[in-house]
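Next, two complexes with subunit A in common: one pairs it with subunit B, the other with subunit C.
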Partner chain A sequence: MKEKIDNLKNKGGFLGWIFNLPYIAYSLIFFLIPLIWAIWLSTTDWNLMSNDKNFVGLDNFIRLFDDPRIIAAFINSFRYLLPIVILTFIGGLIIGLLVHKLPDKIKGVTAVLFFIPYLTSGVAVSVVVRYFFSYNSALNVLLRGKGIAIEWFSNPKTSFAIIVAIVVWKMSGYYALFILSALESISDEIHDACKIDGAFGMNKFIHVTLPMIIPTLTTVVVLLSGLAFGLFTEPYLLTGGGPNLVTTTWQLEIYNTSFTNFQSGYGAAIAIASAVQIFITIKIVTHVMGKLNHKYGV
Partner chain B sequence: MSKMTKIISVITLSTIMATSFVGCGSKAGNEKAGGTVNVSFWTAPQKVQFDYWTKKTQEFNKTNTKVNGKVVKMEIQQMPETPSSEAGIQNALATDSAPAMSENINRGFATTLQAADAIYPLEKEAWFEDIVKNRKLEKIMPGWEIAGKQYVLPQYVNPMVLQWNTKALKELGIEKAPETLSEFQAVLTKFRANKDKMTAMGVSHVFYRNSLIRPDQWWDRWSDFQNIYLSFSGGKPWVEGNKLVLDKEVTKEAFEFFGALGDTLLTSEIPNVWAEEKPAVLFTIAAPWEITALREGGKKYGTDFTYGPMIVKKQGDVAYNFADSKGLVLYKDVNITDDIHEGAVAFTKWLYNKENSAQTDLEWLKATKMLPVRGDLATNQTFAAYLKEYPELSALAVHVPNAIPSMPHSKMTPIQEALGTHLAAYLKTTMKSTDNKAKDATKYVDDAFTAMKKAGGLE
Partner chain C sequence: MKKKINIKGLLVIVATFILLGISLFPYYYMMIQSLTPWKQVDKVIVPGSFTLKSYNYLLGSGASAGMWIKSLINSFLVSLPTAIISVVVGLLVGYSVTKMRNFKGGKFIMNTLLFQMFFPLIILLVPRYMIVKPLINTYAGMILPLSVSAWGIFMYINYIKTLPNEIFEAARIDGASELKILSKIIFPATKSVTTIVFLSTFMARWSELMWDMLISPKVDMQTLNVLISTQFKPMGNVPGPMYAASVILTIPIIIMFLCFSKHFKEGINFMLK
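Coming up: the complex of A and B.
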């Protein structure tokens, strides 16, 4: 028996490979091969249809620096990052804390209610929002009655704010679940100890609760940062990236370049550039959050 | 490694490889041993068009038409919108799974396909010449040329005209839709002078065009900028070969035509402006595909709305307009064998042969309310009764001879987007203006020309 087990252990490496094979194959087919293909594509002027695939070297990447649409997408990704991360984080934290205080009987149902916006289709939400802000909507008729006429999607500030608001509304409930689960994991003994030590309210929240949930908050901030770079549906359906490119995003530019303008090689170069920006930004966010975690976490 | 482990490894790898490539087979059709050749046909991603083609392909399949001894069987599906119908075709060509033929191709995208050598030239085919003859297309086909050849069999045309709010015009004391620039300016002046009267009947603006400030909606430049440009310039082209031949002075006039609207231009979205009980504007660009919906909504042509030509500079000028027009193309792809291609040709010949062509076009007109491209539409008795029943279609048919399709350039999209970007930037400066005099658009037009040359690699 012992011999058989040892034998299996010796073969552990091989069996490990066998069990991992499906995932390796999946990663190869859906990640590695497409990545290598995209890198190759970014060095050509191919439109995916033509028989001509001319090698253009780094021309597509050099062109990025001179393209106002790409510069706008680059800047906008940070403009989106700040409000989306901050507001969704605050929204998620507030929802998490409120739901945490509820009686156990209704806690689950309430958490699910806040989670519903996340499950709602971005397309459906965008269509509803379009109607809500359309010229003849109840809101606009009411405002015009008071002498206020706002062209919501023609105005750079309001169009940007609407997109941010949709994302915050959609995602706050989702990230609240992360925070709620962290809050729920704090044992009753700690709460009891707080009572004995006289720690209540904000005092308890800042010095006890927050340090204990910082690892979860770190995860939330990192995931939110990634989310801010992946915006597509809302700007695509509501503004098309306008007015004057103030709401455009990387994803929108990749889509338009590759599938509307049929410049697939250049589109691949944009995708790689965006991936580099996302990678560096996430690394910085992770590093900063790691430091905070280390300094203030329990 | 034991024998059993080796067997497991081989089976696992084989399964993964096999399942990974499932679905990579041919899509254009196939030839069965039993003597059948299946030909795939992609329709526009619209139910009404899919239903029409379902009926036509079923009728054709009943004829048991043969090519090279094999029975042709048409198989249809809607174009996958991944994410747009053009991108669906792009994907299909990239993965060697293009259909043998499709509808829904405009001249601009056909130029992209032609540049990629992805579609067949048609002009030297005897059957194509017969179809041109049967549908009296001799004078129309030159407008469809791409690099001196024909690649598209035009199917329908929507001449883009203006749709006027008849009741509001009457309220202003105007009996006939304006046709010249001076008549148009008179309408603008009257609108401003009667703002209260107009507001009382729910008309807050003169012109509704949400997409005028949306450069990403590049296709809408056909219906606004290009329309006015064509009527102001006498039908001059936008691009010839690889040269930007857009007339700069006329482009400036077209920019300023929209600029002169000032604060009477409405760009906030109205989901369906003509479905409202009281439309909020005096006019829009007409959308002929909405004729059925307008009727269902109780809107009467002549009472609630009327079609007027594109505005021309002076009396006597021809009101050239943009032809929202699409047609059929036959694809070249490695998965399309000669038999499959010939099957697609057989179907096209059957659709538009001498016996069937008028009926095919009439059924199209009835199903879609979009005018078939025919030189004899106004004179062929097959269509007379139906056009009489739909006076709005007759009103549109008048403008078909002056309708010009989109530019034949493979970089049409970025070129139009570049122009739209600078048109939108110009309109940002005019949309608060309260007089009828347009601001000077020279700078924006210059910028648009530079941007178009760069975007399209044009001289």
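Coming up: the complex of A and C.
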């Protein structure tokens, strides 16, 4: 018997499961059990503290459709998605192209420098932004001197724009790396062929370069879409979701509902609803990008 | 012809500098304001003189210095184990799934991983909080739920998969135990993946807000990231130290990445493939 076990051990079958034990344990405790619990929780009206949890069936889910905060989060997810994806995409593309064309010696350093915003905590950025735009800051004094008075965080348009700008600033350098890698992988033969065929500049970019990097662009767009749904820190610290729910996000609403307002049953339902929306949206985005890839890709 | 190329090259460099300036301006602003006399903070972009008053407030003789220093330590105490656990689990799972003979669980683990990677974690927030509630205000409660990165494991699997089997066969014939193979062969061979997984999980954990806000309401357990967020409004009239705190929050991550940038770049290149 011992021999058999020894053989097993040596052949890696049993040991393999031992190696996976930490991961399996983790998945059980922090993934599977919470998942089941969340589904059950979404059908109750529990408030995180009391002992009575009443089964309310699908009431929480029905409530979603009339809740102005949820409707706001839903609409905002698209309002955020579009500018974030488009602007970060363009930003990443421009940075990627620029770095691609830099002399080799400074390429690496520059790419890293553009990458740095990605490393910054949303809290640190929020600190800088909050005070930079504060009433008596240098910027506002300057603007008021020219007759421009902007209430940055009370104005729905500017507060939304600021959050979008922060995300674009943070992520452009990161996605530029993806695009840079794709650009660098276009072989010299292609470049030579373009020279021979007389394709250069804008023409070459649109008809040769872009199609060749569409798979990478697809990855970037899909990842950005996921990112837009995860916004929390900046709205939480800078606007609290306002003014008038204009900047709120799913994550912010779920957090507030579950932990600030102690309606964790409802909060769980909101979370599930948001997950469904993310799933559908990403499916659509992937589908559209797939079609583009098919039509224009190489 | 040569002159034409130079102008284009020059334009590229100028454009790059402009964009870099915009990208890095917030850091310049953050650092400058952290060293600006309190009366001038946010009122000038270039201060008349420099002062360490903000840093002193946080780290030196200020009454609340202990709080800030503790929070910095907490950030390390939470992020470091998280990164280490992610790497270790990644190595263990990565090796067993790809290279261990007779391990039959490969497909199951892969499917679980993929599911976890694309699953919206927000759904799990409240239940996780309930499960970890007995560990509230402890390092274990802060570390464990976020300690394993499915993405990290995925990276290890993809990388180790590309290592040639011959090395392992040879090692096994020589009588090496699986653990020895892990430490003497796999670990050195996966340096670039380890770098990127370590740095990424460290950074993500360091910058985490939501979970830490929930699991560490006690001030002396809070990470620097959380502490800054809670002092955000109260310190609204004294922004100098807030800038200093942000600098202290940001610098370790940047230093880490710059130190390991070579390995990190290799890791990124692999990841993009």
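As a convention for this text, the second predicted complex is superposed on the first by the 269 of 298 C-alpha atoms of A that agree within 3 Å, B and C clash if a C-alpha of one lies under 4 Å from a C-alpha of the other, contacts with A are read in each partner's own complex, and residues count from 1 in each chain.
Keep this in mind: a residue touches a chain if its C-beta (ideal position, glycine included) is under 8 Å from a C-beta of that chain, and two chains touch if they have at least 3 such contacts.
Remember, it's a predicted structure, so these values are computed and weren't measured experimentally.
If you put the two complexes together on subunit A, you find that subunit B and subunit C bump into each other.
By the touch criterion defined above, A:S154 reaches subunit B but does not reach subunit C.
In the superposition on chain A, contact of A:V112 is made with subunit C only, not with subunit B. Of the two partner chains placed by superposition, subunit B and subunit C are both touched by A:N136. Within the superposed three-chain model, A:W37 lies in touch with subunit C and out of touch with subunit B [touch as defined at top].
Partner contacting the larger number of subunit A residues, of subunit B and subunit C: C.
Within the superposed three-chain model, A:N47 lies in touch with subunit B and out of touch with subunit C [touch as defined at top].
Of the two partner chains placed by the overlay, only subunit B lies in contact with A:G240; subunit C stays clear of it. Contacts of A:I90 after superposition on the shared chain: neither subunit B nor subunit C is touched.
In the overlay built on the shared chain, the residue A:F259 is in contact with subunit B and with subunit C. Contact with subunit C, but none with subunit B, is seen for A:Q251 once the two complexes are overlaid on the shared chain.
Overlap of the subunit B and subunit C interfaces on subunit A comprises residues 11, 22, 29, 48, 130-131, 134, 136, 255, 258-259, 264.
Taken in their complex, subunit A has these residues touching subunit C: 8, 11-13, 15-17, 19-20, 22-23, 26-27, 29-31, 33-35, 37-38, 41, 48, 94-95, 98-99, 101-103, 108, 110, 112-117, 119-132, 134, 136-138, 141, 169, 172-173, 177-178, 181-182, 216, 229, 232-233, 236-237, 250-251, 254-255, 258-259, 264, 267-268, 271-272, 274-275, 278-279.
Residues 11, 14, 18, 21-22, 25, 29, 47-51, 130-131, 133-136, 140, 151-154, 239-244, 255-256, 258-264 of subunit A are the ones that touch subunit B when the two sit in their complex. Across the interface of their complex, subunit A is touched by residues 1, 5, 8-9, 12-13, 16, 20, 83-84, 86-87, 89-91, 93-94, 112-113, 115-118, 213-218, 266-271, 276, 280, 410-411, 413-414, 417, 424-425, 428 of subunit B. Contacts from subunit C toward subunit A in the complex involve residues 9, 12-13, 15-16, 19-20, 23-24, 26-27, 29-30, 33, 41-45, 85, 88-89, 92-93, 95-97, 100-105, 109, 112, 116, 119-120, 122-131, 144-145, 147-148, 153, 178, 203, 206-207, 209-210, 214, 225, 228-229, 232, 236, 239, 242-243, 245-246, 249-250, 253-254, 257-258, 261, 265, 268-269, 272.
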